[in-house]
Amino acid sequence: MKFSDIDVAVIGSGPAGMAAAIKAKEEGAEHVLILERQEQLGGLLHQCVHNGFGLFYFGQDLTGPEYAHRFVEKVRDLGIETLLETMVTKVSGDRKITAVNSHEGTIHLQPKSIVLAMGCRERSRGQLSIPGTRPAGIFTAGTAQRLVNVEGFIPGEKVVILGSGDIGMIMARRLSLEGVEVKAVIEILPYVGGLIRNEVQCLHDFDIPLLLEHTVTQIHGEQRVDAVTIAKVDKDKRPVDGTEQNIECDTLLLSVGLIPENELSRMAGVALDPLVGGPVVDERRETNIPGIFAGGNVVHVHDLVDDVSWEAEIAGAWAARLAQKGDHEKKGKIALRAGRNIRSIVPQTISGQNDVTFYIRVKEMEEKVQLRVGDIYHRAFRVVKPSEMIKVNLLQKDLKKLKEKITELNVECERGE
Amino acid sequence: MAEEKIICIGCPLGCETTLKIDDQGEVVKITGYKCKEGRQYVLEEYRSPVRVLTATVLTQNSVRPLFPVRTNKPLLKTHLKEAAKVLIGVKVKPPIRVGQIILPNLINTGIDVIATDDLLN
Amino acid sequence: MAQIETEVLIIGGGVLGAVVARELSRYKVDVILAEKEADFGWGSTKTNMCIVCQGADTLEFRPEYHRSKLIWDSMPLMEPLCQELDVPFKRVGELALIRNNEELGKFRKMKSKAEKLGINSHQFIDQDSLRQMEPNITREAIAALYDPNIAIVDPVRLTIALIENAGQNGVKVMRETEVVDISRKLNQFEVETNRGSIQCRFIVNAAGTSVEKIAQLVNSNDFVLYPIRGYVGILDKNLGDLIKHEIHMRPDAPGQMNILTPSVHGNLFFGTTMQPSQRGDYSTTRRIAEIGLQNVRKIIPDLSEKEIIHSFAGFLMFRNWEVGWHESVVQASRRIPGFISICIGYPGVSAAPATGREVSELLRREGLRLEANPGFSPSRKAPPVFNQLSDEQQKELIAQDSRYGHVVCRCETVTEGEIVEAVRRGATTLDGVKFRTRAGMGRCQGGFCTPRVTKILGRELGLPEEKVTKKGRKSRVLLYKTKELLGGK
C-alpha cells in the first residue's frame, strides 16, 4: 500500500469513521484511508447485537452489526483503503500520523486532512473512587458487553449494575436473557441516565428493580466480589446514613458515563471543550488545528448512532473539500454561548457562512420551555432532559439574519411555552 | 373507567401516553402521543406487547465463538425468555450472509430468526 | 506433598525479601524465596508512593533510629542498583513547602540536625525560585526546603528485577506458597506451606504486614507493630507536567501527609491519610478518599477530582514509643537462632539496598557461611517496553516478532509481544501482567484490554479463559461461557 499520497485519513471505523470516510470519498477525495485498531471495520457496533440503530438514518430498526454491515459494504464498494489491526500511536499538529501494526511495523502518514473518529470510552471504577476492596468481578458495562456478545463469556451469575446508562440497561436485558440474575440497577440521579425506551424494554420488561437516588457505597470481597453495599443519596448525591443495604452478588457492572477518547487529539494540540470532553469544533467540525476534523462521539457523546454518523459526515465532507482545494475556508468567528439551563453546545463556534447542525444538552430537566438560538431561532419543548440531546438545524439563509460582526450567539432555555 | 399509562418506545422521545379503558377492556381514548405511529404502538402495546428478540448463537468451524441474530418480526413480549432458551441449541457454520434465515418458525410463531452479520470464516 | 531442603528460606517476595534474595545470590548459598501471592511485590511494595528518600526529609527525622541509617546508606546504592537491573530510576528532587515563619524555623532546625550527620544536600529556596521551579503549586508557599537527591522508582518492577536477577544467580522462587506453620527440630526449621514442607537452617522473615504472624509461629515475637493504613490516589497522565518534583507540605492535622509526586511512568501520585486499621484490609473508604483529595488540593488548589484514575490503600507499619514509632525491625531473634525478621515500616523501598546487605551480615553472624558465588552476575535485562523505543527500534522489534506490532492496551500502548514476554517471565494473572507491563493501568483501567489480556493469558498459560484470575486463588475473571447458564454447552 502507498501511504504517501493520502488525501483524507480517518482514525477509527465505527459509525463515525466509516460515515466520514464514505462521505469524503463521495465528495471527491481520491485516497481515503481508514485506520482501525480491531481486526474488522465497525468499532463497537459488533458488540451491540441489540436493535435500535438506524431508525432515522436508514428509516429501519437495525442491530449494531447490521448497521455496521451497510457501511462496510459501502466502504468496500467505493474503494476506500483500510488498515486493520493498526493502532495510531501519534498525531502531530502538522497532520503527521504514526501508526503501528504487525505487518508493516511503524507507519508514517502525512494526509492532507484528518478526521478524528475515535469514539468514546467508559468511565471506570477508579474515576468514581468507589470505596471498598479490589476483587475480580468489576467490569464496565461495555467490557461485559464485549465479553458476553463477542468473546463468549458471562462475567458472573448475580449482577448489580451501577448507573442507568444505555449500555448498562441493555446489558441488564442481555444478561437476563442469558440466564443471569440482575439484582438491581442503581442510579444516583432522580431519573434514568439512558433512553426511555431502554428503561421500558430492558428493565420493566424483565422486572429488574431500578433504584433511583441510590449509589454503591462499598464493594466487598477479597478474591471475587461477594456483595455491594448500596445507600440512598441526598440532594448533594451524598449517601444517607442508615439507608445502607447489602446486595449479595458476584459481579458489579458500571454504566456511569462515557468520555470522548481524545488522547491523540491532545497529542496533536487540539483544543478540547471541558464540558463535552471533545475537541472545540466549528460547524464544519474542524478543530483549532487546520486540516484536523472530528465527528461523532469523539466530539461529544451522542444519544443515537444516527447522529454519530451524520455528524461525522459533516467532518468527512469538509475534510475532503480541504484535501482537494488545499485552500482554507474562513474559520468560525462566532462563539456559541451557553445561556440559561444549557450545559453544552456543539459546534462551539460557527462562521455564519454555512448550514449548521447544533447538538445541545440542557443542564436540568425542565418542562414547558422555549429553546432560543439568538433571535434567529426558537422552538417550544414540552420537556427537556439532560439525557436527551436536542438537535437544531439552521440553514445558511437563517444565519443571514444575524447582525454583521456579531461575535457571540446565545443559546438558552426560556421558561414558558 | 380505567386508565393505563404506557411509555411509547417507538422513538427516543419516549412519550408518556395515557389510555382510557372501558369496562369491556376496550381503549376509548389515548392522549400524550405525538405521532400516528406512536398512537398505533401504544394501542398494540396495550393489546399485545411485542418485541424484536436480538441474541447470539454458538458457532462451529468459525474463528468467532458467537454470531449475532434477531427475529425478523417482533414477537410477544411474554415469549422472549422461552425463545432465547431455544437459541441455546442452535449452532451455525460459515458461510452465512446477513439476513439469512438461521431458524425458521421460532417456537411455532411463524417468526424466523435471521443472521444480522456475515459469517465468512 | 514435596519435601524440599534449603539453607535459607526467605518468606515474602516484596521488595525486602527480593533484595535479600538478590544479595544472598552473590554467595554460594542455597536459597528459596516463598511468596504467598501469585506474583511479587503485591503487598506494601505495590501500594506505595514510589519515592526514594534519604530519611532527612521530614520533620519526624530521627538520626538515632537505625531505620534512618538504613535509608541514608541506601541512597547512594539505589541508582547503581537500578542501572544494574535495568529498571527506571529518576532523580526528581524534593520540595518541602514552607508556609510561614514557624514552619521555616522548624525546617531550619531539621536542616542543621541533618548537617551535623553529614547530610548536606538540603537547601532553602525562596519564593521566586520556587515559582520558577513549580509554577502550578499553591501561592501559600513562601519558601521550600529543596533536596535534589530524592528520586522515584517503580517498586514492583524493582522487586521483579531483583527476583529475576536472584533467579539467574541460583535462587529458587516459589509462588502461591503460603507458610502455615513453622517448627524447630534440632538445628533445622521445618516450614509447612500449602505446597508441602520446606526444611531450612535459616529463615528471613520478610512477610510485610504478616511479619509478626510469621514470627509468632516460632515464638519469636520480640517486636510489636501497628499497621497504619494510608491512601494514595493516581492522577491522569495528562497532568504529568503539572509538577516536576516530589512536593510535600506539613500536615494541618495529625496522621496526615500532604504529598504529590511524579511517578516514573508519567502519572502523579498523591496521598496520604493515615488511619490505624485492620491488617490486610486494603479497602478504601469514602472518607479517606475525600481527605486525600483535600490534602492534595493544598498543594494544587484547583485540582479536579475527574483527573483521579485510580486509588488504593497501603500499610505503613509503626512500632511503639519505647523503641520509637518510626523505628524499623531488622533483627535476629533473641531466642531462636537463625531466624531474622525484617520490616522497615516505611519507606521500605528507600531502605531496601542497605537492608539487603545488613541481612546477609546478620545471617553470617548467625552462622551462615558466605562464600562468593563465582557465577554471580549483577546485571539483568528488562523486557522491551514498546512505547519507549524509537521508531527504528520498534520496527526492528516487530520484524523479529510481529506480536510487538499488536497494541493490546491502548492507554499505555502495551503490545501483545510485551504481554507474552511478561508471561514467559512469570506473570500468571491479570494483575501480574498489569504490574509488569502496565496493560490496564491507564486511564480506562482495563476497560479495553481486560478481555484481550485474558485471552492472551489463557492461550500462553494453556488454560481455558474461565480459569484466568485477576490475582490468583479464587479471583477468576470470567465465571461462565455464554449460554452455559441456560444449560447450553
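As written, the chain order gives the labels A, B and C, with residue 1 at the start of each chain.
Here is the rule we go by: a contact is a pair of C-beta atoms (placed from the backbone, for glycine too) under 8 Å apart; a residue touches a chain by one contact, two chains touch by 3 or more.
As the structure is a computational prediction, the values presented were derived from the model and not from experiment.
Contact tally for B-C versus A-C: the pair with more C-beta pairs in contact is A-C. Relative to chain B, the most remote chain by averaged C-alpha coordinates is C. Chain nearest the geometric middle of the protein is A, using mean C-alpha positions. Separation between the centroids of chain A and chain B, computed from CA atoms only, is 26 Å. Spacing of chain B relative to chain C, judged by their CA centroids, is 54 angstrom. Note: centroid distance chain A to chain C, computed from Cα atoms, is 38 Å.
With touch defined as above, residues shared between interfaces to two or more other chains in chain A number as follows: 149, 151-152, 178.
Residue positions 482-483, 486-487 of chain C each touch two or more of the other chains. Touching two or more other chains at once are residues 56, 58, 65-66, 84 of chain B. Contact residues on chain B toward chain A in their complex (touch as defined above): 7, 9, 11-14, 51-52, 54-56, 58, 64-66, 68, 70, 77, 80-81, 84, 98, 116-118. Residue ranges on chain A touching chain C, taken from their complex, read 37, 85, 87, 89, 98, 100-106, 108, 121-122, 124-127, 129, 131-137, 139-140, 142-143, 146-149, 151-157, 178-180, 217-219, 223-224, 239, 250-251, 263, 266. On the side of chain A, the complex with chain B involves touching residues 46, 49-51, 55, 61-66, 68-69, 149-152, 176-178, 195-197, 199-201, 205, 303-304, 388. On the chain B side of its complex with chain C, the touching residues are 56, 58, 65-66, 84-85, 88-89. Residues 482-483, 486-488 of chain C are the ones that touch chain B when the two sit in their complex.
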